[in-house]
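What follows is a pair of complexes built around chain A, which joins chain B in one and chain C in the other.
So, the complex of A and B:
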């Protein structure tokens, strides 16, 4: 009985079974409904785009870690997730070479320049998307009509304006209910809020996303957008439009909640989210671009450290000095 | 009855079902006991016996003149075989008295007259607590008579009895409340009398409904003002500060003690010991120990003599299972892993939990991804990931500024960390550095 080798370590001696790979793969799984819907809408183009982004993101991670003589962490799923998220932000007929370039930037510049997972300041997928927006401004705003792939008579890449572009340039507002179901022009993951929300329900149930962030983004964009609508409803869209148009659902639930780049304090989540909501509305209504969620998130990512610093919770029993 | 609780915390698997229905049974008197001379927080004791002496059960074998100290008594009758340094469950080498049993278990006669707390003064109750070697039996082992002697400027208006028992596996307090509710309440009343407090509270987690009703029955008797509260089942509900927050909604100030908010907290086991010492002149020579975990063949609640070796206790529970790899004194969240089974049960041993290979698989720590899970669960509202990092890189000032010294080491943060970072271990390291620095400044 006494010759058993006993293990000694510091308490606690039990841990729950959460882990980083588990989180990443569950988030990947949550994106599946939206991914399948995009394949249904855009066909083989969607499959190729997603595959390209995922594979190149993983390859980039491998090369960076190999060159820096670091442990290869492909199995944690974070590179694959960044790839899928990037693909979700791209229009269906975006050139694959461009998507590959964006993936290299996302993982290389967005993640590994800072030291890899956990150290990056900005959301890698959005860094990739921002790069592509700057490098290929025309291609990234060329949209396919859904189902175009099914009618062979139609030539490739029939461009159709997205609801946001319609709002911006034609003062034409697509009703919110059309946006919820999807089937409107847009990027892979922008077309159907419903498909994305199916995954969100699952993630919220598992506690993998901070509800305070999407809640504050949605509330602040609703209120802030509502002010302008009340002022002039012919020039500004109804407030709920902001919820379901463009990358709002994808951004609020999947991008802004990226654990690495969002704050860690309860108050911080609210400030972070409200900042994103307000900046998104400002860019959409007054900026030069139709869509603003991406820049709003990247902008607030930069504030995460300072938000954390000034929103430290009051320790139980702490006496104000 | 609404359940009270605190904010944050975790819900680990409680795994109490293997012992919660098993009545406390007396363990065999061991052939040999090893009694560490220090089993409390405070000044060290000096031995009062020497090698070769014959001692009787309950005889005082070590003591100190210091106020913050607690004497130690022989737990069996027999012959003192050795007085030497041995390994204490805390990991330190402590002078201990080894007694070889004469198998008679003869009691040391002191003053056999019956006493009741109602006939005693505050000072007399404190004196009895000190002489009987009563310390916090919940695990902290702080001398009880010191808790009963708050400085004059601290006005105490409430006594809370801690029956939360929030650690997984442990059911010792549960069984005590169920089987000896009269003693639990008697002890509480004695504590209240010695502190001159009229208001008592008992907090019990709601997974012990039978104990709640047993205590409720007893508490109402003889018109004492004792409130029994069901508590939400959540770890660390039994931590002093969480308990006070839940029951009285008072916050113990950072760096302070419960008495700073007018509260004294006692464990239910402690009050049972106090009741025994008052009525039966019985010092602390035994305690209830939950022996459980997947590594133990027959989990049990045993009344064990202080100084009994873990190996004897485990033998009495059918021995270890194949694959047993970790022996913990206390619960799995705050307990201490032991390097061997030749370690004695001390007054603070609430349980012996044995875990098997696949439960303790040490996963490699990854980098922090800033998920904030640790912040979500910290019952002290700290930022565990930050203070652990500051500690790791010896940024002691930063760590202090972020409240590292307020950490109660409950382990919630480490439990939930998806990166499997040993946050509490780094925090302890940081605390150790700070304490050392403070000591240097003092001297």
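So, the complex of A and C:
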């Protein structure tokens, strides 16, 4: 009798080569067009801001994992991604010390307090941003004029209103096509929808982001914003404005789709996305703050466990209790 | 419309737990299971509505009539305490399991500052009878919402690898802070 070697292993038997580092680095790569555009628009400030956030986020991750005697997972890119996303939500002339503080909060409190990647309830980058918004409300709403860094004038920066602030306080609407190209004032990653969407096409092709979440966010904000526009088109912006203004593209495609903090059931994706879309429009049109995407995502992050619990698909053969 | 605004304001924009930080003890104490937290939310809502009605009546027909506004606190607390007794007897009789699950936090609704706060806010803001009822319902719904969301998160966190010193109350307070951050987005939506 010949020796036949039988390999016995437990399920799963079908594996693919996706891994956390691979996904994280692909998402980082997808953000590159937007990152380069922000450097083109805001110059050295953008480089410094992004570098600060990424370095401090990685350092925080290292310190926390070292303190807890855990495996150091700096090389998986998740801290770098959180840092880049946080930098993308900050205005160009935000002080670097503040950005560093936000990064510590994002990774320390937003992620490692809960036990690290996979356990966090809220999106770490948005926790950092929300903390900075609460701590430095003026600095975080002072935006530079794009290209100001190239002008020969001696001033440090020329502040300008973002399209959302113009809508809210001056009832002045920037046309959607200007927003798509995006040479408007705003945070690093919220100026150009086009640059972000180049990366999105790639991510959707690779299947790294759930199409249902951005789709439901965009559809619900379009419909809900459209209702108000139909009621009074002088006071409320046209519905497509909501798609391309502010952090909508960044939030809907890169932040709401965070695999850790979004629901895991198909029905849950739709509920989650519609909640974000509607809350964003409500805050934008009626709230005290010009932008609401961040708060809408955090708010729905809090509901994710409940959504998961009550939208669980029925197991085959399960009998209704 | 005004009624609707009062409801939204009390339940979400000026949520009693997450923007006024009232009623934190049951929010931290009973938020470990969704079912029991929802029941406590319902019980609190019931006490809130009854208290709102009773305190309005007492304020308008006794305190103002006899010009004894300084008795406000005493009379409201008596009303709340007796209402909680009623709820406690009801829960004990109908659902002994729930009675055991809620434990000390059921009689402690009496000392839930959210309820006394509700009665005092309603007097302070000079709400009419209908407005007071809606305010009570809104505050109760807001409390239930906050505590159920918190319970959902805590059920999720049971599996999480939280640093030992932060387990339990520590992580709950941190999550409460994050929830309050998320609710900050609604600030300014409706004034007061």
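FYI, the second predicted complex is superposed on the first by the 302 of 321 C-alpha atoms of A that agree within 3 Å, B and C clash if a C-alpha of one lies under 4 Å from a C-alpha of the other, contacts with A are read in each partner's own complex, and residues count from 1 in each chain.
Going forward, a contact is a pair of C-beta atoms (placed from the backbone, for glycine too) under 8 Å apart; a residue touches a chain by one contact, two chains touch by 3 or more.
Model, not experiment: these values are computed from the prediction.
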item	value
Touching partner for A:23 - first (chain B), second (chain C), both, neither	first
Chain B versus chain C as contact partner of A:116, first or second or both or neither	both
Contacts of A:137 with chain B and chain C, given as first, second, both or neither	neither
Per-residue touch tally on chain A - higher for chain B or for chain C	B
Which superposed partner A:303 touches (first chain B, second chain C, both, neither)	second
Overlap of chain C and chain B interfaces on chain A (superposed complexes)	116, 119
Parts of chain B lying in touch with chain A, wherever the complex brings them together	10, 12, 168, 241, 245, 251-254, 256, 311, 314-315, 319-320, 324-328, 332-342, 353, 355, 359-360, 362-363, 366-373, 375, 379-383, 385, 402-403, 406, 409, 411, 414-420, 422, 424-425, 428
Parts of chain A lying in touch with chain C, wherever the complex brings them together	68, 109, 113-116, 119, 121-122, 127, 130-131, 133-134, 279, 282-283, 286-289, 292, 294-296, 298-299, 301-306, 309
List of chain A residues in touch with chain B within their complex	1-2, 4-16, 18-20, 22-23, 73, 76, 116-119, 210, 259-266, 308, 312-319
Complex contact set, residues of chain C against chain A	34, 148-149, 152-153, 155-157, 159-163, 166, 171, 174-175, 178-179, 181-189
